[in-house]
Amino acid sequence: MASDLNINKQTQIALYRTMVLIRQTEEALARSHQQGLIHGACHTYVGQEAVATGVCAHLKHQDVVFSTHRGHGHALAKGVPPREVIAELFGRVDGCSRGRGGSMHLFSPEVGLMGTTGIVGPNILQAAGAGYTFKLLGQSLVSVAFFGDGAVNNGAFHEGLNLAAIYQLPVLFVCENNLYATEVPFSFSSRNPQVGERGAMYGMPGIVVDGNDVLAVYQAAGEAVTRARSDGGPTLIECRTYRIRAHAEGMRDGTYRSTQEVAQWKERDPIKLLGARLTTDGIATQGELDEIGRTIRAETELAIEFAKNSPFPDPRTATDFIYSTQA
Amino acid sequence: MREITFTAAAREGLAEEMERDPTIFVVGEGIGARGGNFGTTLGLYEKYGGMRLNDTPIAERGFVGMCCGAAMTGSRPIVDFMFADFILDAMGELLNQIAKIQYMSSGRLKMPIVLRGCIGIGNSAATHHSGSYYSIYTHIPGFRVVVPSTPYDAKGLFKTAIRSDDPVMFLEHKSLLNLKGEVPEQEYYLPFGKANVVRHGEMVTVVALGLMVHKTLEAAALLEQEGISVQVIDPRTVAPLDMDTVLESIHKTGRLLIVDESFAPCGIGAEVTAQVVSRGFDDLDAPIARLNGAHTPTPYSPTLEAAVVPNTETIAQAIRDLLKE
Amino acid sequence: MREITFTAAAREGLAEEMERDPTIFVVGEGIGARGGNFGTTLGLYEKYGGMRLNDTPIAERGFVGMCCGAAMTGSRPIVDFMFADFILDAMGELLNQIAKIQYMSSGRLKMPIVLRGCIGIGNSAATHHSGSYYSIYTHIPGFRVVVPSTPYDAKGLFKTAIRSDDPVMFLEHKSLLNLKGEVPEQEYYLPFGKANVVRHGEMVTVVALGLMVHKTLEAAALLEQEGISVQVIDPRTVAPLDMDTVLESIHKTGRLLIVDESFAPCGIGAEVTAQVVSRGFDDLDAPIARLNGAHTPTPYSPTLEAAVVPNTETIAQAIRDLLKE
Amino acid sequence: MASDLNINKQTQIALYRTMVLIRQTEEALARSHQQGLIHGACHTYVGQEAVATGVCAHLKHQDVVFSTHRGHGHALAKGVPPREVIAELFGRVDGCSRGRGGSMHLFSPEVGLMGTTGIVGPNILQAAGAGYTFKLLGQSLVSVAFFGDGAVNNGAFHEGLNLAAIYQLPVLFVCENNLYATEVPFSFSSRNPQVGERGAMYGMPGIVVDGNDVLAVYQAAGEAVTRARSDGGPTLIECRTYRIRAHAEGMRDGTYRSTQEVAQWKERDPIKLLGARLTTDGIATQGELDEIGRTIRAETELAIEFAKNSPFPDPRTATDFIYSTQA
């Protein structure tokens, strides 16, 4: 736990709140998946909440996030209301993508969520591109790409980081190293276990943080965001974390990892860790934390109800929005 | 005869070929110990080990390009790319290298590579997991392109694909993977470029691919009750494309509909139309019709998704309309 | 009127738009101080500096994906990829991202990006520098695809492309880059989806693209002496495709030939054929004919290269043959 | 100059001979280009001869090389006869690709030249693939990819090196860092001027050598080849060198580099450097070296004549060899 940081109490509680919001939304989605309410894929973020939370806490609405297949946490942390995320996965017209996208195509440009993606890689490049716009237009904005360890071996990582580095773009490249890409361990798919130190290869700062320690993430991201806003160029941040649930809902969580390993990481649950610290430091009582949990649970239930009641989109709209301009 | 699934049939073909030929190997994400996202390689890793069933990083361009080099030097790679959409990142390797190496080397190098993956719209997979790009591969010289519709065809064509010295795109509709069908125990191969007349009929010819073969058969059964007799042809391979069987059928029926879940513009339906116009114009009693999926990215929501693909009813209606021409 | 080259005309259009709109920027290999391999950006770096004319590493996927993100956030990127062949490495970004972002975001994001590069066979450029992939981009929903044939069209269409909020593939035949033609001094724009009847005639309609427009005009001039009157149509944009102009012409001539340097299978000629069959069948007095480049990787040697593309004589012959039908 | 190496005299003379062969062939090609005998592109290797020469000296016929747009030197060093290279650029039927390919599509699988390429990147991946075959089939063979500094920023470099590393394939990745990609300096297109040290990022040995010192290249390549043959996995070798002529024949050699810079590198001409050493060490007299030059010049002239007299391919063969198997 990054305990020598000077992060004010309100912020710490806000971080806690966001993590709980993500967790409860994900658990509600997992239940909904079992109930057949979610039509396509559903990759939950349970266990990784500290990353999206710690990073997005620094972002304004006009700052942008480009996310992955495991993107609910990023969407929520960036400010997409839970009901819009849930309704989207339910395929409803009130979903943040109007039911067109589902889990892997969440869009909410109004709050800077520039898409989750079903393809590994592109979001890294797009984040660089947003940084290009901001630099070109002299806006003091920041772009963030979240991606997994699996993306690190992809050419998009290499080309995207290099482009951001040579043009000195205001971008955070946040790798959520949860040790596996589906069931393939990072130690198999790369002979180099380090991600953070690869920043140096591209001539940019590279940082490694405990991705289950939201305060550590918050601290590292804060420095990177400040650098980016002041034309100091991009930063690579590796967050070491762990996915608690199966790769996707409905998938068996096979023999590729031991129950012991999962149990150990559950001990390091980011919400538990911060909760313990908040009570130890006297920032919040257990009762107050429980109250946060209860409030959010009520919100989440309302969101589920909202989503259930939202209509399915009109089939006649299926081909709207392919083009903006008349042929 | 025993019935097994589409995936099991193709897997059996793979197992037989791997047993026979030690130069065959498979790469892909999770095709090792895990046996593949769709079970395409289940049980083979235990038998043949890591070099012959190798997991890859998420580096589609990299491992496709790697397999190109492997095929140039005497092994026979099979790339299992899960969803066909993912292979777009390797398009340069496919179109500029794999499709061209034999030509560029004036036939002194072979290119025995199979690229397999799932295609098609269904299950709210949304637009990054629903692509069918066979028209693109057909446009490019150098490929063989297989779109099987039954377990029997899947096995026989997959074995031919593995034995081919040309690059083969083997594209499996995801809604067919669990379809069961008769597959003989004895070994067999099916040739490329030989269409299958899956239903005989007199009044109209329908060419359909992959999942659409089944939807068209449903529509044909429906129409039979209305006294409409439909001949259904499954080309099975779109490159090479067996036009003779189609032309023969039109000679009899005088009418043609092409049902293709994928996009119309510059698609397989257009190509079939152009060839029929060129070679069978005088046999035509009506304009050739195409029924395609909507020309749109694929939406997620079930109501929208259903609206962008042909179904039994829209196929039946297209046939009725064609008979009125 | 003054005459300037195709490249100069497009460059003038670019300069006018860049002057007007500070959110436009260009990236590509050597398009900065060097002014582009083909001079596409000559003189602009000096005026607008590095952020608006930025050299890139050889990372086609990277900079195309980057420009996608830039277009999503309020700037208007132009990717100058020199040869269209190089862009295949970015096919995933093109087909799965750039073409789909507007749809996926339900119209809340725009995609104002222009992707320009050279296409076409000639000068022994061989198979990695001769590709024309417009049929592929036409197959995929989401793109506008422009294939200009004159300096006048190049400028007017390029300006429209830059102002478009949709992704535009702007594909320039390399043998046309130095072609001179009349271009007015005053500013103008040309609409997408409006074909140009480049020659009026009565007996046969020929649809031709890019360089083939000029070869077809040569053939038409030749045939005039034989008493054959040819109408030549240049669609200029293949997506959207102006079929009305083609259908109107066929209504008059009853005969159609499509001349396309690129591959026949699932190509533009097939699409035009299928649409004419569907909408103008009764106007046809003969089967529609296609004349395409050979379905082969492009060879290097001049004797082989000449054998794989249509030329004035083979076009003229195809027209004569069509009139005999 | 790597002067403490123990490389025998015959080898040193052979290396000299190969470098002269490449140089003279390239100069003959440059003249032929001016005479209009070459129909397509022609990127010469003048100044970089030490790299192909030092590496290929270790290769057997069955070892394979995957080359670039600047590939004449690799072809010649691997054993393609000059007349076949020249005839290919002349578009003749006796060219190593039967006139189908030209400079950027040289194929001579008989001697292990598995292609030059008009596209930057793919050859890196293909070299890994050849290594895969060799490892799979238990052959003690080696695969080599040559590529420029320009390819280092491409995703193919990243994905190819990673694949070779995780599978421990017998591959040499030889980067010819000549400071420019066409006219774009490597210092612009990457913020990290080092290539050799990037090996570590992929968990493979990475070496930097003076690419104009053929003995240094020979030494480094020898170690890498030995390692590869004994299942020790891949090696990245950065050879620092310089292209003396324009990017391609017929191109202006613009303002992107100073005449001074070119002059300095001409001082370090790899043939001059080795020649000086051979005479200093008493391995050959200047007269003997001149005699090598004369002999090769005579050979080259014959090769040009051969190529001029070779017929153009029959247009009826233009579509042969697209497929191996009957439809």
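Labels A, B, C and D are assigned to the chains in the order they are written; within every chain, residues are numbered from 1.
The rule we apply is simple: a residue touches a chain if its C-beta (ideal position, glycine included) is under 8 Å from a C-beta of that chain, and two chains touch if they have at least 3 such contacts.
Here the structure is a predicted model, which is why all the values come from computation and not from measurement.
Ranking all chains by how far their C-alpha centres lie from the centre of chain A, first place goes to D. Remark: among chain pairs A-C and C-D, A-C carries the greater number of C-beta contacts. Our note on geometry: chain B versus chain D, Cα centroid distance of 41 Å, whole angstroms. With each centre defined as the average position of its C-alpha atoms, the distance from chain C to chain D rounds to 36 Å.
Chain D has its Cα centroid 46 Å from the Cα centroid of chain A. Residue positions of chain A touching 2 or more other chains, listed in rising order: 97, 100-101, 105, 117-119, 121, 153-156, 158-159, 162, 166, 188-190, 322.
Residue numbers of chain B whose C-beta contacts span two or more other chains: 56-57, 59, 61-62, 85, 89, 92, 96, 103-104, 127-128, 141-142, 295-297, 299. Every residue of chain B that touches chain D in the complex is listed here, in rising order: 22-23, 25, 51-52, 54, 56-57, 59, 61-75, 77, 92-93, 96-97, 101-111, 141-142, 144, 164-166, 192-193, 240.
Contact residues of chain B toward chain A in the complex are 29-30, 33-34, 37, 55-59, 61-62, 85-86, 89, 123-129, 294-297, 299-304, 306-308.
Listing the residues of chain C that touch chain B in their complex gives 61, 85, 88-89, 91-92, 95-96, 99-100, 103-104, 127-128, 131, 135-136, 138-142, 239, 241, 263-271, 273-274, 277-278, 281, 286-290, 295-297, 299. Every residue of chain D that touches chain C in the complex is listed here, in rising order: 39-41, 88, 91-92, 95, 97, 99-102, 104-105, 117-121, 150-151, 153-155, 181-184, 188-190, 254-256, 312-319, 322. Against chain B, in their complex, chain D makes its touches with residues 64, 66, 97-98, 100-101, 105, 107, 109-110, 114-115, 117, 119, 121-122, 124-137, 143, 155-156, 158-160, 162-163, 166-167, 320-325, 327.
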